[in-house]
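Naming follows writing order (A, B, C, D and E), and every chain is counted from residue 1.
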Amino acid sequence: MDVGIIATQAFNGLSLFSILLLMALGLAIVFGLMGVINLAHGEFMMIGAYVTYVTQLFFAHHLKFIFNFYIFVALILSFFLTAFIGLLAERFLIQYLYKRPLDTLLATWGLSLILQQSFRNIFGANNVNVDMPSWLIGSLNISTDFSLPYNRLFIFFLSVLCVIGIFLFLFKTRWGLKIRAVTQNRNMSSALGINVRRVDSLAFAIGSGLAGIAGCALTMIGSVGPSTGQNYIVDSFMVVILGGIQSLIGTILSAFTIAEIQSIGEFFSSSSMAKAITLIAIIVLLQIRPKGLFIIRVRS
Amino acid sequence: MSDKSLSRRKFLKKAIGTGVGVMGLSLFSEMSWINDVWAKEDVIKVGILHSFSGTMAISEVSVAQAELMAIEEINKNGGVLGKKIVPVIEDGASDWPTFAEKAKKLLLKDKVATVFGCWTSASRKAVLPVFERYNGLLWYPVQYEGMECSRNIFYIGAAPNQQIMPAVSWLLKNVGKRFYLLGSDYVFPRTANLIIKAQLKHEGGITVAEEYVPLGHMEFSTIINKIKAKKPDVIFNTINGDSNVAFFKQLKSVGITANVIPVMSVSIAEDELRGIGGELVEGHLCAWNYFQTLDNSINKKFVANFKKKYGENRVTDDPIEAGYIAVYLWAKAVEKAGKTDVDAVREAARNLEMDAPEGHVKIDAENQHLWKTPRIGKIRADGLFDIIWDAKTPVKPDPFPALVSNKVCNWLKYPKTGIGRR
Amino acid sequence: MGKSLVNKDLKSLVFYILFFGSLLFFFPFVLSDFRLNLLGKFLSFAIVAMGIALAWGYTGILSLGQGIFFGLGAYAMAMYLKLEASGPDLPDFMFWNGLTSLPWFWKPFKSAPFAFLMVIIVPLLLALIVGFVTFRRRISGVYFSLISQALTLVFFILFVGQQGYTGGTNGITDFSTIFGYQLFSKTTQHLIYYITVFVLFLLFLFGSWLVKSQFGKILVAIRDKEDRIRFSGYNPDNFKMLIFAISAVYAGIAGALFVLQEGLISPSIFGVVPSIEMVIWAAIGGRTSLLGAAIGALLVNTAKTFLSENFPEIWLYFLGILFIIVVRFLPEGLVSLFNRKSSFSNLINKIKLSLGAKYVRTS
Amino acid sequence: MSELVKHILYIEDLTVSFDGFKALDGLNFYVEINELRVVIGPNGAGKSTLLDVICGKTRPEKGEVLFYEKIDLKKLKEHEIARLGIGRKFQTPSIYEDLTVLENLTISYPKKKTVFSALFFKLSPMDKEKIEEMLHFVGLIDKRHLKAGLLSHGEKQWLEIAMILIQNPKLVLLDEPVAGMSAKEREKTVSLLKKIAPGRSMVVIEHDMEFVKNIAQRVTVLHQGKVLCEGNIERIQNDPKVQEVYLGGYKVATN
Amino acid sequence: MLQIKNLHAYYGESHIIKGVSLELNKKETVCILGRNGMGKTTFMKAVIGLLKPKEGQIFLENEDITMFEPFEKVKRKIAYVPQGREIFPYLTVQENLEVALEASNKKVIPDFIFELFPVLKDMLNRKGGNLSGGQQQQLAIARALVSDPKIILLDEPTEGIQPSIIEEIAKVLNILKKEKGISILLTEQVLNFALETSDRFYIIEKGQFVHETTKEQADVQKLKAFLTF
């Protein structure tokens, strides 16, 4: 095996890491902090993906001259539209279920069915094609057999940016503090002057918005179809679970662990086996650390 | 506030009550004696059984549309035996047991004359016993891996010797010897690869790797790295569905274009290419019996009608065409038999011929598969194909390739099971 | 108090008699064979749902992996049926996957008693193992749920991947006889229907006995405060393992009954989606009531069939909305509508709470 | 049990630390058989942590924790410790909210507690009587069919005490049993404890000095994870260090 | 300041608070005494808004705030210390305090908090859930004070607190009342503490006030009798 293959493989691990991280980031808030088992997370990602598709179509038809920059507009729109739909879901459904976290699983499953069928009715049952901006096609050639695809580099930086952004938001702003307080004790937060409803909605919207961003980014490497979202759901949850809910650092650590197991496993066996191996490895790791890799313990 | 909640309470009570009532009623409405009271109009019911939801909807919806279009055309021309064809549509929901349930429902409750449907081999395997048990008739529109011989199914898609095997031979002659086999973890790809490996061994090719990804897999970077390491001459792609998009996008982004390593695909056609994007796959290859760009008047009319009905941006492809002609073949058989009775139709269908968009086809009298012309197309930037090779004449279907099996399917010679030894 | 208790018991008794009575004496005579077969299948689902009620409703263990156990029970039965259908030959799928002889672990399935035993043993053992490695390590709640979901996926991948041994994506299909009788003859199928009803009834009695016993009370205590129960001298891990295993056995038995009526099993049952659906049956009907869960399975599947037959292109909307409405307004499931009056007013209160007084908490 | 055994609880050099912070710091603590010991100390002194260690909830960093001077509690799991006859009441009431008051007591009843015995468990009439008696005693007889979650704070405290007592443990650990109780209930608790004290050992943590005075034989004062002082109530009250770190100007009225 | 008129509150269908009226004046401490389960906590919850009263009104300086959400009441300078502490377990002590800044116009935690509760200063970075019971109780009171309230509702504030700190708290409450002009509504079972801090007393029994007295007129024996029978 030559150096190029090994270097490429190392980069693949990193790239998968950033993708998993991006996928799980929204869930880390919605599920990790708020306790909502959002099975529609994959569909929320698809909202972002479809927004990207529509944006791309619009640019191709009306703003051809700046087509290459549609992706930035799409990122922003994906975030806000998905956040908005998340907001609606929170307002009309999720807010009634905070006391029954396992029930959120059922309700969001219903939601995911509805969203999937809506995609099918709006965009057709087929996959849709999202053209990449030309500057994202191709790769940075380091040597003849080691090159870094631009789209993956882009996703990598995007996810780093999102993580930093979320980190600052949660731990350095008042809104972040409020979100953390409310997710721990809704009643008491209210009794300390926090408008709990607003904070809940905001948190859920941001988590959903992040899913939208992930969906937008994934159009660069994957397909966009009505049921594509389902493919991401187990992976995203595994990342959060293995990391340890309530812990952003844990999420990062766990995305990294899973990505490495998966991509090394895949190189030496097959994708199917690697997937099974990865899932089993997660279960074994949870044996050693039942509450996740990185967990803040408190007494009661 | 309490007034408001009171009325809301009442409303909810009612709404939930109604919901429960509907579910209860639906059970009742299915009771046999009610069914029998249902008015019997003089029409011929046929079943359309495809996935309208779930992963397979991506491919199957278009085929169902083609079948419905054929029914509509036939009805417009007076129907069959002077009666209108009425389609009963059922959603297999990409779930094999559901396919089986719906097949039973079509045969037992709706008592349809025949069924057009299925896509995946798994769904076909699921309904096969049902069709055999209740002596129904299924027209199956997709290429498949062979190794099957049922008197209750007409196979309208390609058998291995009409698609996969000619493609392998062509590649060996024109592209190279080193094959990288990549497929979904799934029956069709695994069985197809079994055949391909045997063929490569026989014809002097080399299998450098055989690799399967789970359905819906999205991350191909490692596989692509392996491909780079193995340096194959060609990638033989039997990936199904969604994953193709990811595969081609990621292949392209590391600079593996058709000039570097061409990919030969057998499970994606024009309809799927719409969702991948032509530029990404330009220059790669596909093997089919039908391409939208086939230059003949029947096809041109077919394509035009399809676009007129479903939209200018829509395309036709091999399974769509197969679904479409399946309906015509059945109608012809019914006319010939003079009735819709399954046994009679089956007899009438033997050696039935037709000028289809894909050219001349004929139902094989022995094995109920279709004589079809193998073709290879090169993908253009617009997602359609330049046909770069064809077999000139229709090829006799052979569901049990001699390379991997010593069986043959021949209902004339072995009327009991259809299967005999070579 | 005493009086109303009697009343309640009497009322439920009447309800039970009505329920099982209609399954035995009404539906077989009014439904067409096809519909009766469907109902029989749904009854096997009802058994799964009862198992889920035991583990989830009473003990708080939400398994998103019931499909595994259902599947294993089903495969055990299917292996027997397939061997019987194949006679002296190798099962067809093995042949076209290049196997030349029957794998060792298939061989004992030639024996019906062995296969029937495996329907129970395999799910039981697997559940005990899964329970051992999770509950012992105090992996619980959502963690457990999602781990069981991951396991489902693992099984799916393994069963699909080992095509020669499992039939791959196709699964195992195409059976003919059972004990030499035509499996799909009208009489056999009717008989299997009655057996299903009978098994459902037995398992219902068994489950009711369980939850009424001291054991059942401890399950509820575990659901409430797992940590506390340890200080009362109980080891909750064992209780959880046992009830989880019992619910797995319910699913396994259901799977076997399913195969007998459906005539096929495929790994799609190991999928993430069917396992979630199973949980939904129980939730819709009422997770804290055995019969409620069972009825949930019947109603959801009836609704699914009815909706998908009548609105094949948009039925998912209805189903999705149904789930949302029930979860949102009937947290105890549909049974709460049929329960005593006070439960009904409880429901109204809950609705009221969720509509207006959002901050009311009872803790 | 050998004649020589004097201590039901024998704790030496016990250290528990959380991220470097020593909640217990080389603590020595001995309780004799049939003794009623009260532990007081400033908030955060490590009292609850001590009980956590005894009943297996927290694992110590080092030290010995022996039951009857020979059973090493560090090695046992929570339920095994409970089965040895150690019952604990938590600082905040901890009961099964979805079970009725009666069921809360029934499952605490000291019968075999394995999975299979639970399946076939039946209360004898005598057991029932005992439970009824206990319900009367804690004043919850009228609420026995009520879901325990609906009780008020004080009622929950009572229920939990009843659950511990019905276990008939050899060693009772009570963490602030009268917190949130009204004067009347405090008095009742005093008489209850006095009544059940004979034949068993108890460790009671409390901040209510009135209550402490009423029940205490021997009092241990913990401070910063160590014993600050030990002795009878007078001695404790007059110890200047105790006054400084704990009592402040508080004086228990002598009656 | 705070006027409560004929308040009724329910848990589901059970009627817990049955027509309670009370007035809390400026610079005054009112104490509600009552045995377990008599409805003290329920009353407090109804006042702060965690439980919506079914009937009756609550006025704050003549504004009807009966149906306000808790946070709206808090914004109007009412603070609440619940029974059972309700600390945010995963937030540090510092963050627990900062959360309460939401209702104040300050940006930083005022220093006097740490003068009152020196323990907290040493534990600023410890997670709230890891504090001892008494430390949590102190944190809960401190947290209420951070928001710079005009009215404080305290539900059994001395539960689980060591005697010297109870004394401290009594002192603090008196200081707050006198120097900051804060009004305090308190529930207690411990008579000593109540007598030390409060100006007026109500006895609650089964959701109703059965006795009312001022400090001056208070007959300690009678109050005791109410609490013991």
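Note that contacts are C-beta pairs under 8 Å (C-beta built on N, C-alpha and C of every residue); 3 or more make two chains touch, one makes a residue touch a chain.
Predicted model, so just to flag it, every value in this text is computed and none were measured.
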| item | value |
| --- | --- |
| Smallest count of steps, each to a touching chain, taking chain B to chain D | 2 |
| A-C compared against A-E, more contacting pairs | A-C |
| Furthest chain, CA centroid comparison against chain D | B |
| Euclidean distance of C-alpha centroids - chain A vs chain B, Å | 34 |
| Chain D and chain E: spacing of chain centres that average the CA atoms, whole Å | 29 |
| Centre distance in Å when chain C and chain D are each reduced to the mean of their C-alpha atoms | 44 |
| Chain D, residues touching no fewer than two other chains | 92, 150 |
| Residues of chain A whose C-beta touches two or more other chains | 116-117, 187, 190, 196-197, 230, 272, 275, 300 |
| Sites on chain B at which at least two other chains make contact | 52-53, 185, 212, 214 |
| Contact footprint of chain B on chain C as seen in their complex | 30-35, 37-38, 41, 96-98, 157, 160-161, 163, 168-171, 173-175, 184, 262-266, 268-269, 274, 299, 302-303, 305-306, 308-309, 312-313, 315-316, 322, 325, 329-330, 334, 337, 348, 351-352, 355-356 |
| Residues of chain C touching chain D in the complex | 1, 210, 213-215, 217-218, 220-221, 223-225, 228-236, 238-239, 242, 362-363 |
| Chain A residues within the chain B interface of the complex | 1, 4-5, 8-9, 12, 15-16, 19, 116-117, 120, 124-132, 136-139, 145, 147, 149-152, 218, 220-228, 230-232, 262-263, 266-267, 270-272, 275 |
| Contact set on chain E toward chain A in their complex | 48-50, 69-71, 74-75, 79-80, 82, 86, 88-91, 95, 98-103, 127-130, 143, 147 |
| In the complex with chain C, residue positions of chain A that touch it | 35, 37, 39, 93, 95-97, 99-103, 105-107, 109-114, 116-117, 121, 186-187, 190, 196-197, 230, 233-234, 237-238, 241, 245, 272-273, 275-276, 279-280, 282-283, 286-287, 290-291 |
